[in-house]
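What follows are several structures.
Two complexes come next, and they have one chain in common, subunit A, joined by subunit B in the first and subunit C in the second.
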Partner chain A sequence: MIVELFILSLVILLAGSIFPLITASFDRRFIRTFSFSCTIVASLLLGMLSLMTLLKGDSVFFILYQPIPGFSLSFVIDRLASFFLFIIAVVSSCVALYFTGYIEHENGSTRRNLLCSCTNLFVLAMVLVVASANTISFFLFWELMAGASFFLVMYEYSQRDTIKAGIFYFVMTQLSSLFILLGIIVLYIISGSFAFLHLSPVSAPLITLAFLALFLGFSIKAGIIPFHKWLPYAHPASPSPVSALMSGVMLKIAVYGIVRFLLDVFTPDLWWGVLILAAGAASAVLGVIYALKEHDVKGMLAYSSIENIGIIFIGVGLFVIFTASSLPLLATISLLGALFHALNHSLFKSLLFLTSGSVVYATGTRDIEHMGGLSRSMPVTSALFFVGALSIAALPPLNGFASELLIFIAFFSSVTVVDPLFKVILFISLALFALTSALSAACFVKAFGSIFLALPRSQESAAAREVPRTMLIGPAILAAACILLGVFALQIFTIVGFAVPLPDMLLVGLLLLGMAVLTYGALYFTASHEVRISETWGCGTLSQKASSEYSGHGFSEPLDIIFSAIYRTRTKNERIFFDQKNCIFKEGRGEIRLLKVFEEYLYRPIAQQSMRLAKEVSRFQNGCLDTYLFYVFITVIALIIFLGWFA
Partner chain B sequence: MNFDFVLYLVINTAIILAISPLFVSLIKKVKAWTQGRSGPSVFQTYFTLIKLLKKEVIYSPNSSRIMRVTPLVTLAAILVAALFVPLVFVPEPIGGIGNIILFLYLLALARFFMALAGLDAGSCFGGMSSSREMSISSIIEPTTIIVFAALAFVFKSLNIFDMFFLTAASGSPATPTLILIGISLFIILIVETSRIPVDNPETHLELTMIHEGMILEQSGRNLALMELSSAVKMTVLMALLINLIVPFGIATTLTFAGILIAVIAFMIKCSVLAGVIGLFESSMAKKRFFQLPSLFAMAFFFSTLIIIIEVFS
Partner chain C sequence: MIEQVTIEGIIRILFVCVIITAAYIISTRNLLSVVSVYALQSLTLVCIALALYFLEGSVVLLAIAGVTFISKVIIIPYFIATIQEKIRIKRDIEFHYLSPTTSLLISMILMLVIYMALSRIVVGSPSRENLFFFGAVLGISLMLMGMMVTFSRKRAITKVLGFLSMENGVLLFGMFVTELPFIIEFLIIIDLIILVILTTILSVGIDSTLEDYHKRLHRFHLLDDSEEVI
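Coming up: the complex of A and B.
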């Protein structure tokens, strides 16, 4: 039953991918609608089958295709896989729903068919990665996913920024694949098999090497700092629904990878956990601090994804630490927290990307300083974005809070158990984690305030209209899911069969509602009902102007100053004078530039070194036939000597 | 949900609504005395609230629904948060009510809405104050969490109800560790309720105000709700401090006499604390905004020190 459903959904996704390719020369709406309907239907099927396995808790193994013995395209759908299949299913169905409306407003005529095709292929690849039962098919589909997503990023290929973003993304994603391949090969050397086999707990250097390679590979793909730079480039460049898919789902596939290998292959050491925790905490704090500074709405969301992936890694790191110190209960809580946050992040982040896509579509700009006042012209979109902002700021009773609370509980309970040195590490991480969630609230107050509240700051923003209904349904489903998963968090965990020490958010939600209703009732009977609409007081100016409002830059200014050590700005002052004693000023130039620390001190030196190396290597390839014949000759001689010596 | 708990919900909410405006005025009175003035009546906040309820509400034409729902959401969130801190009677916790992290985040929910409402009218003051409020609340957060983690460590529980049970059972004034945590909690109380040296609750000068600036555009019944919720918030945080450090008098069983004694004891303790806050405020000036991070850093190291002492002893 489950196998058939799975294969059926694969076929449908494949059909949705091939059909627009065949008809690529026809610029018809129904082709694209059909393609996205395929995504939606397949996602629904996948969602159904993943719920079935999630609730029953059994696992299904099957072989799809076996070209040679020892290697097969085999799949396993167990609880972990079906959980991530569920994430893929929910997000891609909503994104596809949104995409049907969105794509008709994109420019690029027949190129849009290719966009549909690639989207389906991308979803298909992610499904296959998650369901893979051996490392080789895992890697193959991982590469398919990387390729498909690269084409999606490159959709607006004629623009300069997109080309840069695309190349950057391609290099980073291939680097990630390289490390994963290294890890897989090392694992093969250790165990002699491509299956996800549990290795014996002895810690050999090879096992550590395999873990480090895989950790590095998945970190690059997940956007852990300092490998994060591709996210803030790729997200603004790609179409919003694609960003939603990439940030909402693809980053989670990297999380899936690391969790799968930690659970099924390795017996983790304590220091692995500390490494993951440190990487997570650093990404979380730095991610949100950079998000505060960003004024491109999609760039801001990209940095916020880095932050949330950091939080997920914090949970995974805690899981490893607790497993290694044999505290299974706390380990379960932190892993559940990490996985639940992965689900929640995929919901609210795709919701935020979709609604900000609507905003960008309506205003034609990505700069939040040129928005403002949209809550009146786009009421539904603003309400949906608001739900996303509440969730991502981890406010009760929404889902972002529920998962962060689980991680908080793991932290709080841990201080009583582990040994003193780790306590200090845990306390520092806890403080950083708290800082992260508070800063993300500040960040989204700024984002929502600048985009939707007060007066419009540009003519485009003043002229913005609400988006068509097709672009509202998808986000609306996601918003509803955010609310439901938050309010019923405890009940959901009980149904799935985990006893977690979460408070009953349903009770809290009802209490909140009850208090609000009581207050409203009390006011209704006691207070005055008079309402007057009158101009905001502007210190005596005759009419209020948008230029006197607090801007997004202004909003984050205090935090900019407080965290100025992290932002690393460079101030430049050039002055030219008429006289030699520098008294009479002629002209001058001043600028304050934000240093791109990682790019300037990490990426660029590495890139320059590899370019130099490549230049050295390229000397051997001079394009002259004689030289190549000479190489062949030398190789033959060397082979003869080698064989004569050893054979 | 049993009968005791429902009764608790009613009693706690009624008491906190009834008494919290008193302490706001009391602090003002103490400050006035130290300045040699006679000051307003201790019931002045009640009169102000009643006056505001009778006034009309004025909305800016720029403002959205955020402005209209914020007073309701803020008061509701803070009243629910108030349920997490038993004032006079500690029942068995039900459904995770009393979770200390949830308590903190309910306050954050109120703050989130308040900050957005500050931006909503498009006034420069509101934006400035929202920005400052979010900055301050972000940088105090690590300290708050560490202090709460220390509490969880000392009491081996995440639930405020359990903590109060333990302190009430021991009966005696607190251990040295708890007193140290109390000092940290006092700093958090000052910051969270926007008082000197972080913010000045009495000015309406644009250069100094934080909390007052955010509610500058509120009027009439909405302003009454905002004022009431900030009073409730202050009293709840005071109650948290009081019932942890000097728990005597608090009732753990539901009897009329017990509740009455507990209310009287709480009123006395809370009045003393209000007096202390008033004297504390009178004894220092408001700090410059960008000097606050160093103040918070001090509080952070202080609370971390406590934990390290606790952890390694």
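Coming up: the complex of A and C.
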């Protein structure tokens, strides 16, 4: 049953990918609608089968195609895989629903058919990666996923920013594939098989090497700092639904990879957990600090993705630490927290990307300083964005709160049991994690405030209209899911068979609701009912102007000052004088620029060194026939010598 | 019949001839004599094939001798001689990487290295095989010497001769070691003839260096009076 459903959904996705490709020359709406309907139907099927597996708890293994013995395209759908299949299903169905409306407003005529095709291919590849039962098919589909997502990022290929983002993304994603391939090869050398085999717990250097390679590969794909730089480039450059898919789902596939290998292949060491925890904590804090500074709405969401992936990695790191110190209960809680946060993040981040896509579509700008006042012209979108912002800021009783609380609980319970050195490490990480939560709340207060509240700060923003209904249904489903997953978190865990120390969020929600009603009622009855007409937050000014409002920059300024050591600005002064002795000032130019620390101190030096090396190597290829003959000559002689003395 | 020892002696003498011709092709600066030396080298190979025929009695060897004689002693040298009549430059004095003297020295070292390498690979072969072993060494050395000619000379025509001499090395190796199937040998010869014919057709530029030749061809398409361009 499950196998048939799975294959059927694969076939539907494939049809949705191939059909617009065949009809690529016809610019018809029904082609694209058909293609996205395929995505939706396949997602529903996938969602169904993943729920069945999740609830029943059994796993299915089957071989799809075996060209040679020892290598096969085989799949396994167990609880872990079906959990991630569920994430893919939910997000891609909502994104596809949104896309049907969104794509008709994109420019690019027939190119849009290719966008449909690539989207389906991308979803297909992600499904196949998650369901892969051996490392080699995992890698193959991983590459397919990388290729499809590259084409999606490059949709607006005529723009300079997109080209830069696309190439950046391509290089990083190939680097990630390279490390994963290295890890897979090392695993093959150790075990002699491509299957996900459990290795013996001996800590051999080869096993450590395999883990490090895989960790690096998945970290690059997940956007862990310092390998995160492709995210803030790729997300603003690609269409919003694509960003939603990439940030909501693709990053989770990297998380899936690392969890799958940790659970099924390795017996992790303690320090692996510390490494994952440290990487996660650093990404979480730095991600949100950079998000605060960002004024491109999609760039901000990209940095926020880095932060949330950091939180997920913190959970995974805790899982490894607790497993290695044989505390299975805490390990389960932290792994559940990480996985639950992965699901939640994919929901609210795709919700935020989709609604911000609507905002960008309505206003034509991505700069939040040029928005404002949209809550009046786009009430539904703003309400949906509000739900997303509440969830990502981890406010009760929404889902972000539930999953972060699980990780917090794991932290708190660990304090009494782990030995002193790790206690210090865990305390530091806990402090950073708490800071992250607070800052992300600040970040989304700023985002929601500057985008939707107050007066419009530009003409485009003032002229914005609510988006069509097709672009509201998808996000609405996601928002509903955010609320439901938060309120019924405890019940859901009970249904799937895990006892977690969460409070009953339904009760919390009802209490909060009651509090709100009480407060409102108290205020309503005690406050004076005299009508007073003035502008909100007007501070006494009679006719308020948009330019005198509290802007996003203004909101984040105190935090900018606190974290100025991290932001690192570069000040440049240029002065020109009339005379040679620099006495009579003619003109000058001053500039304070935010230093892109990782780009300038990490990426660029590496790129320059590799360019230099490449230049040295390219001298061997000088275009002269004689030189090439000379190389052949040298090679032949080397071969003869090798045969004579070393073979 | 002639005695086996005599034939082996003759073959040894012919080996010396092959080495001398190869050395001459490497070191000479006189373009005119290179072709005749190449014809001589091929003729020596024909003689070796015939001698081997007397030793072994295999008809294939006879066929190889015939084909080699027709193609490498008559047809190819004839074509190249036609080219040489057309071109003005009679001397080749431009070199890449190696001067003739160095080439000679290196080829001596090469022969020694190959001898040692092969003797390590083929350990404990009977004395009858000694001749064949020596032939193999010579074949590889001749091939490598031809290759040295192809990359150390700048003139295209000398490169062609170097290539032809390389092929002679392959033939020699094949006769003594691997029993190269006749059909492959035949196909190689056809390749060679086509190569030489092509060279003849393109002989407008054969007197120049290859880099120069590219430019000349380029101009050839743009202007028609290419003969004036040097």
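Here is the rule we go by: the second predicted complex is superposed on the first by the 608 of 647 C-alpha atoms of A that agree within 3 Å, B and C clash if a C-alpha of one lies under 4 Å from a C-alpha of the other, contacts with A are read in each partner's own complex, and residues count from 1 in each chain.
Following the convention adopted for this analysis, a contact is a pair of C-beta atoms (placed from the backbone, for glycine too) under 8 Å apart; a residue touches a chain by one contact, two chains touch by 3 or more.
As the structure is a computational prediction, the values presented were derived from the model and not from experiment.
Undergrad: Quick check for you: in the superposed arrangement, does A:A546 touch first (subunit B), second (subunit C), both or neither?
TA: first
Undergrad: Counting only touches as set out at the top, which of subunit B and subunit C does A:V636 meet: first, second, both, neither?
TA: The answer is second: A:V636 touches subunit C but not subunit B.
Undergrad: Could you figure out whether subunit B or subunit C reaches more residues of subunit A?
TA: Result: the larger residue contact count on subunit A belongs to B.
Undergrad: Given the touch rule stated above, what does A:W645 touch, subunit B (first), subunit C (second), both, or neither?
TA: second
Undergrad: May I ask you to decide whether A:D367 touches subunit B, subunit C, both, or neither, giving the answer as first, second, both or neither?
TA: Touch status of A:D367: no partner.
Undergrad: For A:F401, select first, second, both or neither according to whether it touches subunit B, subunit C, the two together, or no partner.
TA: After superposition on chain A, A:F401 lies in contact with subunit B alone.
Undergrad: Tell me which partner A:D269 touches in the superposition: subunit B (first), subunit C (second), both or neither.
TA: After superposing on A, A:D269 lies clear of both subunit B and subunit C.
Undergrad: Just to be sure I read the superposition right, which of the two partners does A:D27 touch: subunit B = first, subunit C = second, or both, or neither?
TA: neither
Undergrad: I'd like to know which partner A:E104 touches here: subunit B for first, subunit C for second, both or neither.
TA: neither
Undergrad: Check subunit A for residues that touch subunit B in one structure and subunit C in the other, and list them.
TA: none
Undergrad: Name, in rising order, each residue of subunit A that touches subunit B in their complex.
TA: Per the stated touch rule, the residues are 373, 375-376, 379, 382, 390, 393-396, 401, 405, 408-409, 411-413, 415-416, 420, 423-424, 427, 430-435, 437-439, 441-442, 445-446, 448-450, 452-455, 490, 501-504, 507-508, 511-513, 515-516, 519-520, 523, 526-528, 530-538, 544, 546, 548-550, 554-559, 561-562.
Undergrad: Provide the residue numbers of subunit A that touch subunit C in the complex, in ascending order.
TA: It is residues 624-627, 629-630, 632-633, 636-637, 640-641, 643-645, 647 of subunit A that touch subunit C.
Undergrad: Okay, in this complex, where on subunit B does subunit A touch?
TA: Per the touch definition, subunit B meets subunit A at residues 9, 13, 53-66, 72-73, 75-77, 79-80, 83, 94-97, 99, 101-102, 105-106, 108-109, 111-112, 115-116, 119-124, 126-128, 130-132, 134-135, 137-139, 141-142, 144-146, 148-149, 152-153, 156, 158, 217, 220-221, 224-225, 289-290, 293, 300, 304, 307-308, 311-312.
Undergrad: For the complex, give me every residue of subunit C touching subunit A.
TA: Against subunit A, subunit C makes touches at 96-97, 110, 113-114, 116-118, 120-121, 140, 144, 147-148, 150-152, 154, 210-211.
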